[in-house]
Amino acid sequence: MGNLAFKIGLRYARSQAHNRFIRFISASSTIGIALGCCVLIWVLSAMNGFERELKNRLLSVVPHIEFSAVNATGITDWQSIAANLTQNKEVLGVAPFVRFSGLIQNQNALKPVEIRGIDWQAEQQVSDLKSYVSANAIARFQNKEGVILGAGLAESLNLSIGDNFDVLVPQLDKDKRLLPPKSIRFELIGLLKTGGQLDHAVGFTQLPLAAKATGWTQGVQGIRLKIDDVFNASKIANELGYSLPVYVYVQDWTRQFGHVYNDIQLVRSIMYLILALVIAVACFNIVSTLVMAVNEKQGDIAILRTMGMPANSVVQTFMLQGLYHGLLGTSVGVGFGVLGGFYLSDWLAWFERLIGFQFLSSDIYFIDFLPTQLVWSDVWITAVVAIVMSLLATIYPALKAATVDPAQVVGKV
Amino acid sequence: MFNSTSLFIAHRYSRGSHSNKFISFITFFSVAGISLGVIALITVISVMNGFESELKKRILGVIPHMVVQIPDNQMNERQELLDQLKQQTDVVGVTPFQQEAGLVQSPQDMRAIYVQGIDPDASAKYSIIASNVIRGEFNQLKPRAYNVVIAQPLADQLNVRVGDKIRVMLAKGSVYTPMGRMPVQRNFTVSATFNAGSDVDSNVVLINIVDLNRMLRKKQDELNSYRLYLDDAFNLNLVKQNLTQQFPGLKVSDWRATKGELFEAVKMEKNMMWMMLALIIAVATFNIVSALVMVVNDKRVEIASLKTIGMTNRQLILVFVLQGMYKGCVGAVIGTVFGILLTFNLNPIMSLLGVGVFANPAYAMQGLPIDLHWHQVAYIASSAIAMSLIATLYPAYRAAKTNPAEILRYE
Amino acid sequence: MNNPIFECKNLKKVYHDGASEIVVLNELDLTLHAAENIAIVGSSGSGKSSLLHIMGALDSPTSGQVLFNGQDIHQLSEQKQALFRNKNLGFVYQFHHLLGEFSALENVAMPLLIAKHSMASAEKAAKSMLDRVGLPHRFKHKPSELSGGERQRVAIARALVHQPNLVLADEPTGNLDAENAAAVFDLILQLKNELSTCFVFVTHDLSLANKMDRQFKLSSGQLSKLHAEVIEHG
Amino acid sequence: MNNPIFECKNLKKVYHDGASEIVVLNELDLTLHAAENIAIVGSSGSGKSSLLHIMGALDSPTSGQVLFNGQDIHQLSEQKQALFRNKNLGFVYQFHHLLGEFSALENVAMPLLIAKHSMASAEKAAKSMLDRVGLPHRFKHKPSELSGGERQRVAIARALVHQPNLVLADEPTGNLDAENAAAVFDLILQLKNELSTCFVFVTHDLSLANKMDRQFKLSSGQLSKLHAEVIEHG
Amino acid sequence: IANSAAELLKQKLGQLSGFSAQFEQEVTDRDGQVVQQSHGYVELIQPDKFRWVTAEPNENTLQSDGETVWFYDPFVEQVTAYWLKDTIQSNPILLLLKPNSNAWDAYQISQQSESVFSISTQDEQSQVVQVKLVLSNKNALSSLSILDKQGQTSVYRFSQFSAQQASDFSDTHFNFELPAGVELDDQRQ
């Protein structure tokens, strides 16, 4: 019986003989569902994109975990500590650093900056710095003392490659006296362009140069870890921190950029709710479409009942018909959604060029373009939600179809 | 044209129990859809307004709305210039104010900041900092006392408490001595710490404008820079416009230079939210269309008989427009009422449900900031009703188009 | 009484039903003088209803004219046609077609309300009309609370409340049981004589037809004088 | 041929229409033997359709039994009643009630498809049935492309394609013009004789009724033998 | 052979045990804009005492009592104290004070003309990049210009130059008393 119900339901759904008006409403339900699915997939892939960018772009430069020495001698033998840390499968790489923050002064502008002394070779294991810095800047960095500065910072201080600039660095004084800040001269040898806030706050220099500037002469100030599961960095940081032979301050990226991750999750859940609501309301239209169809097909139902079609297959017929609209809407929506999942950022970039307005400004958001990342599970979940909702929407009218009393209908005409 | 008969019939139809139980089912959903959309819109937008106004109150409490520089040639008629400024519409207060880039240094650390020279007595009643002092006294900033008010988070970073000394250095105004350039610097005593809850708190420190003038080597009473407090930082263009007209010489700078993009981003996020939520109402109004069509379908016999007794198409259209509108209005009204109710006690409800509030500690204590703009509520309700009006046009038109002969022939 | 108030001139009406074409009215003529009453007899599907609808400007003829006081009602704008129906016509159908949500009084008053009479005056006229059709204390009831016969009386009251010039009745007693049908028919006859309204009475029941002034037979789209046929057993 | 295949025992059916109660069937009895054909005559609204529906298990009687091969079909579950209709019954109505979206062939094959026959065998049987009703090369057409007569023929083919024991026909030629009606009626008579199907033919047209084996008259809820009435003029 | 210009300059400055003079100061930035103008007087006694007083509109006093350099800025009512040895060793002014100290080796001295000597330093960290001395025929200092890392040049033109001996001043002449109510910012490590 199933396939007969399918044959009839499908014929009803596709036939244009319906009165013009049912087509209008069924179109509205299909469009509503398609819209809901499409926009939902777009939003979800944008959120996935932001998460990927957070992980690959921001967190490829920002240290995941930092252990900085408590006492002034610093971490003398960081290689051996690094060696046993990398035994742990979570840890992908370890590198030393000496970090100091100061103020860059140029004419009347005074900009705060955090400069990290790094060992270029070791840094490759923990950060993806090289993909945000020009090739010859890397070359210069490896054989000339100098600083790679965030592009935004250099621009606001109107410094260009080769210029020298002074960094006022506080001098720590054991017995609390206010020593004058020391002014250290650096040469600008490269620019860092991540397209986000980092460009306005960070600089890199060679490890020895930084050590000289801050007084961490024997050991290094701390070690930086690259871990696999970035999103529970704080848990891993605490575990590993206590296992170290030397007293360290434990720090992870969430202290400074955790709010970015939280905002992404928040927007994702709000959008899910709203768009599920849109799909639900669109499904109401399926209900009304089906009711109209049932009303119009009363004659057919009656005669089918006279021919001995049992009630449950009448129900099946109209559920399939209703589902047809739901499936159509879902597949169209999912289709465009998947398309958007791949090309949304290009479309937006083209649109931004068209109207000359930059949606995401780099000093507020951590990136300045809309990234998208299509995750197939999002697609399936959206499709299933939409189909289930449209299925539910068919139940009431389909049951009503079964209650049509053939005698009333057939006899009267 | 307004014909009471149409209203009479429409009212009876919409209130009457529909013969077809199903139509009331669909009507319920169309009303529910609209009110759901309206509730969501009012609540979410009010919360976003709340965020924006919090942001505005805190950040634009610390960052000056507008700063005017009085050119030297107008310095002698400065006083009546200031009085005129005070009478400007939307200007709430005018206080002496000068801001210079600089840094503060403690034995522990050094931070870049903006030094804001103020007159504590004049600005006490407008300044958000004055009203958020946690330790020490705001009015200690006497001239030449060389006291400074800093944010508590900054104090923690510098590891200083009220009474400690910190060094304040300006980026410009250096003195050239035979031993090279000596930056202008002076030791200040921390006389109070504050927490205005904005993330720009640690970017500013407050000293008396006389002290700042001295550091800048200006004559003490040479106050040529003033801060304008506006009642709403957002209607800046208006004030700026008539200022530049009335006082051509005045050099005016405003908050948009530094924080413009932040509020631009907030506005963009709000617009996106508007669009998404309006989608719900739009799709819901489709329900009205289908519900009304079914009523027309259900009542086609009565329409035919009404036509036979001479009812004109226009009257018939009015009957069904009014009936559809009735549903739209009910949906909009219910949505508005519940939206307002939900908005006003959103926080108790949220805490009841144990829903975690945002990561930002500032909001954790007193919950989500909520700012209901009545004009927005009116706009949402009226657009919901307008949409439902549009939704009724098609079915009403169809009702008028029914051909009585066909219908009556079958009976 | 000399010039006719209502004239149909070579009316033609063709329906398309799938491949085939059904000619319902074929060059049909009819003239009616004021207060004149005629009966039209024809088997079901012979086009009786179509003729009535065309006379009542509810349907438009494929060709031909329908003149009321010399003016062709099918040339009027939709607005004017509605006004014409509201002022000069009354319809009574086999099925009562009352408005379910309205009381009997409101149903009868409806034509006057549409003609923009005040609620009070409309209900007064409706009240007296309901008394006249023998339902003095039923005006508060909804159609669903009335019997078949009572409903048909309300329909008749509604058709006459605004003193129309012409009443078109399509098998008004068709749906009633024998006894009710007879009572309702007598009521129509009395009203026919009292008011100067002109009646067009369509039925397939010869015994009823004979009680009218003139009888016609509608078959294959033509109207022809009806001979004194043998009355078909009740 | 001795025991009856179909028996109605004191069937009673009452409708509630607003305040009044209408008794449609009043202690009605009827027995049918295999391949027996009867005609039932009655004025419209006299309950003819209700009787047919109750016999076809489409409507349930207020009281009384309908036995098919000795078993009361109204005691069956809905599922079984559907099966009973599919196996043993065929319906033909005044209105063709064909499925608008399906071709004539598909319409006729429908009862077999419902009985879970394969598409091929169903369409083969339907094809031959369509030939039998005289529509050999119309099976691809949709009902909207057929004439009134052709549609009624398809309806008849659909009612007989699964060799039902009993065919219930409710004014099958009522909607057709005279000439088509006669042709369709002859077709029914031929089929009646060829197949061993038992026919119940409901009409208000005496001339057609007389062509059946036995005639009954349904009035005030009772079935009574029909005397040789004078044939009412065509 | 030692750098003859250096020797000549050392020998000229050596004869000068000290001096006092009035000065006009003009500071121009990298693009030649005048940034500051002031005047005042200077008294200097080798090897480590001097008093450099600038009058309005930019009054400030730079005074060394031999051990500590005091910088008094009346505008902000604050005196900042540095060790003389910390501030001077990376500053060409040292040459005026100690013409014969071995710190000279860190400088390149060249003689551009009969009376013009330029002293420049390679020390990346030093604030002052080059000092130009102009000596009049009687070895009196007629002008002193200082170019710093930011490209600003500060030029002092001296007048009423008179050579001085340590004995011309009282022992306490170069001592510095903290004016009443003035903040001391002691930066001596």
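Order of writing sets the labels: A, B, C, D and E. Residues in every chain begin at 1.
Note that contacts are C-beta pairs under 8 Å (C-beta built on N, C-alpha and C of every residue); 3 or more make two chains touch, one makes a residue touch a chain.
Source: prediction; values computed, not measured.
Shared contact partners of chain B and chain D comprise A, C.
When chain centres are defined as mean Cα coordinates, E lies farthest from chain D. When the interfaces B-E and A-D are ranked by C-beta pairs in contact, the top one is A-D. Ranking every chain by how far its Cα centroid lies from the centroid of chain A, the top place goes to C.
Centre to centre, using the average C-alpha position, chain A and chain E are separated by 61 Å. Separating the CA-averaged centres of chain D and chain E is a span of 128 Å. Here the spacing of chain C and chain E, counted between their Cα centres, is 124 Å. Separating the CA-averaged centres of chain A and chain B is a span of 27 Å. For chain B, residues that reach two or more other chains under the stated contact definition are 167, 187. Touching of two or more other chains is recorded for residues 127, 150, 185 of chain E. Those chain pairs judged to touch are A-B, A-D, A-E, B-C, B-E, C-D. In the complex of the two chains, the chain D residues touching chain A come out as 49-50, 53, 56, 58-59, 78-79, 82-87, 89, 91, 93-95, 97-102, 110-111, 113-116, 158, 170. Per the touch definition, chain A reaches chain B in the complex via residues 21, 24-25, 28-29, 32, 35-36, 39, 101-103, 105, 108-112, 168-170, 172-173, 176-179, 181, 258-259, 262, 266, 270-271, 274-275, 277-278, 281-282, 284-285, 287-289, 291-292, 295, 359-361, 363-365, 396-397, 400, 413.
Within the complex formed with chain A, the residues of chain E that make contact are 124-125, 127, 149-150, 185-187, 189.
By the touch criterion stated above, chain B contacts chain A in their complex at residues 22, 25-26, 29-30, 33, 36-37, 40, 44, 101-103, 105-112, 165-167, 169, 171-172, 187, 261-262, 264-265, 268, 276-277, 279-280, 283-284, 286-287, 289-291, 293-294, 297, 358-360, 394, 398, 410.
Residues of chain A that touch chain D in their complex: 1, 4, 7-8, 11-12, 15, 17, 299-300, 302-311, 405-407, 410-411, 413.
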